[in-house]
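By written order: A, B, C and D. Residues from 1 in each chain.
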Amino acid sequence: MSESNKRVRVAVIGASGYIGAELVRLLASHPAADIVALTADRNAGHSLETLFPHLATIELPRLVKIEDIVWRDVDFVFCCLPHGVSQELILGFPDHLRIVDLSADFRLSVDLYEAWYKHSHLAPELQKDAIYGLTEISRDSIRSPRLVANPGCYPTSILLPLIPLVESDLIEDTSIIIDSKSGVSGAGRSLRKSSLHGEVSEGAHAYGIADHFHTAEIEQSLSVAAGHPVQVSFTPHLLPMNRGILSTIYVQAKGDAAVEELKGALKDRYADEHFIRIVDSDVVPHTRHVRGSNYCLIGLYADRISGRAIICSVEDNLVKGGSGQAIQNMNVMMGLDETWGLDQKPIFP
Amino acid sequence: MSESNKRVRVAVIGASGYIGAELVRLLASHPAADIVALTADRNAGHSLETLFPHLATIELPRLVKIEDIVWRDVDFVFCCLPHGVSQELILGFPDHLRIVDLSADFRLSVDLYEAWYKHSHLAPELQKDAIYGLTEISRDSIRSPRLVANPGCYPTSILLPLIPLVESDLIEDTSIIIDSKSGVSGAGRSLRKSSLHGEVSEGAHAYGIADHFHTAEIEQSLSVAAGHPVQVSFTPHLLPMNRGILSTIYVQAKGDAAVEELKGALKDRYADEHFIRIVDSDVVPHTRHVRGSNYCLIGLYADRISGRAIICSVEDNLVKGGSGQAIQNMNVMMGLDETWGLDQKPIFP
Amino acid sequence: MSESNKRVRVAVIGASGYIGAELVRLLASHPAADIVALTADRNAGHSLETLFPHLATIELPRLVKIEDIVWRDVDFVFCCLPHGVSQELILGFPDHLRIVDLSADFRLSVDLYEAWYKHSHLAPELQKDAIYGLTEISRDSIRSPRLVANPGCYPTSILLPLIPLVESDLIEDTSIIIDSKSGVSGAGRSLRKSSLHGEVSEGAHAYGIADHFHTAEIEQSLSVAAGHPVQVSFTPHLLPMNRGILSTIYVQAKGDAAVEELKGALKDRYADEHFIRIVDSDVVPHTRHVRGSNYCLIGLYADRISGRAIICSVEDNLVKGGSGQAIQNMNVMMGLDETWGLDQKPIFP
Amino acid sequence: MSESNKRVRVAVIGASGYIGAELVRLLASHPAADIVALTADRNAGHSLETLFPHLATIELPRLVKIEDIVWRDVDFVFCCLPHGVSQELILGFPDHLRIVDLSADFRLSVDLYEAWYKHSHLAPELQKDAIYGLTEISRDSIRSPRLVANPGCYPTSILLPLIPLVESDLIEDTSIIIDSKSGVSGAGRSLRKSSLHGEVSEGAHAYGIADHFHTAEIEQSLSVAAGHPVQVSFTPHLLPMNRGILSTIYVQAKGDAAVEELKGALKDRYADEHFIRIVDSDVVPHTRHVRGSNYCLIGLYADRISGRAIICSVEDNLVKGGSGQAIQNMNVMMGLDETWGLDQKPIFP
């Protein structure tokens, strides 16, 4: 990979979380991106290395407060702040910036946002122009917009297999049941009892049953794909591991569509995609097959019950489900090679 | 707990696996059971402590070969051999023995067994008289039989919540989708690449998609409960932990039955059961809430989609899903207090 | 085990941590102890089950504030508060109470305490009468005192093998190097970044190098055993597991004492101890051999370098290194069978 | 990084283990290396992807038997076979090949090898010309030899900090005590009970006490550095994690050398090294700070006991302790940039 002539000066807003750190890890090998600003309000003045010693060997600017960024030196912003905070902040960003926001703030229509998050959206004008950046699905529509909303970790693993099936009208869209399993890094580095080692290791449980925020995001995209409202059952589970999402999705083929047709639709749709692989029927995707990488592996299998199919979709929640897809989106937005910074092969064991 | 006057002299056949060792751990605190024989063919002559140092503080007989057991000194046998081996062996056991078999050999009707396991059953006569010992469901019918088939680990966690719902005709029995997650001790202590630490930790995957043996066991019991054939989607997953099964089960309420009715049916059915707890709606069962104990916790929740319910059922696969239920069955068969040997509280963290 | 006629009414102060919960788990099977009060100031009014669902099946009083305990109904107190808090509180306890304090507040002489903890001791009078309760070593001296200081988790695993060797003058007491490894439950359930799953799993590190508080406790006890001041190198490490301490201890035999003499001294000293086992030379203790139990296993091996010995000592830090030893101390103090409530066999895997 | 004009055609012998797979992962990003042959005798004819699905996205030749390699198409060989097998095989390799052997076969002098491994060396002539390739120490001497012996995983983490201290005569070389902790990938992918998830997770233990093979390798190198025979205490431990070695090393400064002098010696020696970092005194290296990368982090701390120092050295056993250092050695041997293929930043969490 040769260095690009065109260079992108990048700011990472909210670098003290796992998503921010993962952006830095991946951007370190990006041939055209230079990290020029890193913010972490409570740790301003320190190096990122004090928060993340594993990044000590990367040459980086010190952490600053957001208000101390010199915006004219920045071309591109990754915003890694919690939802509710991003929307107000981005409103104040200078116009020349292009932005990928990794919060939930710009993923939903204003109506849907307010219905699920129970408060008024603070930047509804911005929201209208933001594009939902599931790269393989929205590639063409994210080239020019200023602001792209990076999809949630669960929705990425779920929508990639489901959108082609719903668009092709191959499945009963009332039949979709999604059982997702995630590692704990999805909960971030904030201090919660439920993220302690003692509370996560050697056990498993469901959470957010029937009311997880990501349901809105999944249903919004599937409804667009179907051309009419689609509802799904979505139940996330916490597994005793750090990285990885496995979504097991149960669907019913429409009419007499064979399960092989469903698989064919996925294979066709993703035949030329670098980061998506539809695996053979004798292979089952493990989250460990993609750890640390931007790949999404999808398997689709016929159930014993005629017409039912079982889909297994795996990704690294911090990469394809977060920072990796954000960089992929930046690459598309800035006209760079889509794989730059994302060439890391999975690490196993 | 006082020692019983009536004592049961117990043999554990196949003590070199996790299930055998767990029987020994639990029986060590049983007030009426004495372990008089332990077999492990390849390790005959050694103490169990050489295989399982954690059991070193329990007074135990040496390991012997099966043919060296003095049967007249034995009242009760736990048979922990692999399926296919148990059936022939038990055929040769003296008549005075009562037996819990922990393999799959006597769980299915002969027809179903032969259809799934693809070979002739070697003890069809025995099979006819064997009773499937899901204790809370079959308690009355296992008091007198000589041979009880201990349920599989997955089916226990699945049938306990589903049988009352199917019997009450409260759910569409064509709608049942079961997504189970298990720790790796379910695969036993045998040497398989897929059980190595490097292949299990920090990742998750489905396996046995659409053809796991336990499907037969689940469908057989649900069909009896329904009074007609029932088919289910059942997909097991391997999680990076040693103990615990979590089954997430998706069902559709029948007609206009409310989800609260489903929950009521479970609460009624299990109101007096010591080892089964239907948790409140604001609680979600974790496998870590039952680790090391014989409890099964069941939560039932209304989905956002009207009429759908989500059930979470957890157990320790080696206890309620294996050795614990086997002892519970022995207690019933021998007229002992059903909780003897099973008083261990869950260990957390 | 039959129920005792003499019953002990127990209060657990600070029941919201892992040590408190473990006391409750173990006391649930104690034939003579009744838990009559549980405190957790911020959670007063709730049941312990809301904090620890794994204890839901134990009949327990609601959590109260300390000031709401009816002391006349209490015989015995386990105090599980952080160091610095215990000392002031216990000062105010009614005289009839017997107490095991699980903090560091009464383990050290007042001088040593103030030197290491850098503040004045608030209950120096109480401190003078408190006895350091390493049960097997101090059994006779804890029968009558009102207040026993429960040893720290690391010191228990270290002092049990070292005290007999130092007392017998068999090792060079300037040679002692202690490399300890602990699971994360030793850090408790409080919210710290360093206890998050992401920061603990899949990695290891030393901490508290050359200044861990437990050094004072180790040196104080070894100095008493030697009859002169003894200093040690002590380096604790955090391992990616919940329970267990492994202390690897490097010592030099004195003069031409053979390593077998060292081992003999341990075997002699602990020959009649129920909870301490000196393992054979072809066995290496694993922390998993004692998980959930009150045992301490000790192996002593000759190094290739003449006169050096390597000691491996393992315990469950929450049981023998905490709540288990506290109950053992209560049993001794109250004249009960020392093993009551501590019969749990190790749980593996 | 631009592609090199000079290309190296690489064969990996024994690609079915973790070390082989890790070589492939790292070489995939090497700008001048092309993998032209992969062997795995029992899996010849299959793709590496069938053994290691995480490598499915790398373009690779099929697995072949060793005898089917077309040697004229190969420039460089990584030999990843077990010790005892490598020595005979390499004897038969064509002369034009340059080789890094990752087994123990060429690390020790023939005498030492035969004393520790208890059988005659089959290629003593080759052994004489082989160079021990601890890259930072032996860089100049490995440029021209045909065969380089890659150091063991433990010795790498131990010798890097100790050689400069011994060479500078700053420590008492009779005082060295090494307590190493390793993840389980060091035991490889072969089927052993001791590598099962149930036997590794949630626990820790020492092994190979006083007789681990790597002791010979450590002592041989330290004796060369000292100019006279040096013996060490070395005790490895297995931790419940996949990757990473932490060696905690206890040493005594010589005469009145201050601990700061020891640290200075390390800082001086490694000031210009890309992959070795001496961390500040307020930082403690974690294995997770180097996971997946070729870095070795070393901390050196003064003990409370005057003159004693504690060293913490961490590496990823599969990278700097195995495949990474092997590639680093290839780079030196072939006159390439030493960091090529080794730019991966650590992955955390």
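The rule we apply is simple: a residue touches a chain if its C-beta (ideal position, glycine included) is under 8 Å from a C-beta of that chain, and two chains touch if they have at least 3 such contacts.
All values derive from a computational prediction rather than experimental measurement.
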Inset, instruction - Specify the chain most distant from chain A by Cα centroid. - result: C
Legend entry - Where chain B and chain C are represented by their mean Cα positions, the distance between them in whole Å: 36
Legend entry - Geometric centre distance via CA averages, chain B-chain A, whole Å: 39
Legend entry - CA centroid of chain A to CA centroid of chain C, Å: 46
Inset, instruction - Going through chain D residue by residue, note those that touch at least 2 other chains and give them in order. - result: 18, 185, 197-199, 201-202, 240-243, 285-286, 288-289, 291, 348-349
Inset, instruction - Have a look at which chains touch which and call the overall pattern line, ring, star, complete or other. - result: complete
Inset, instruction - Under the touch definition given earlier, write down the residues of chain D that touch chain C in their complex. - result: 177, 179, 181, 183, 197-199, 201-207, 209-211, 215, 231-233, 235, 237, 239-244, 246, 248, 250, 284-289, 291, 301-305, 308, 310, 312, 314, 348-349
Legend entry - Footprint of chain D on chain B - complex, ascending: 18, 184-185, 189, 191-193, 195-202, 240-242
Legend entry - Touching residues on chain D, where the partner in the complex is chain A: 1-2, 18, 21, 25, 28-29, 52-58, 185, 201-202, 242-243, 277, 283, 285-286, 288-293, 295, 343-349
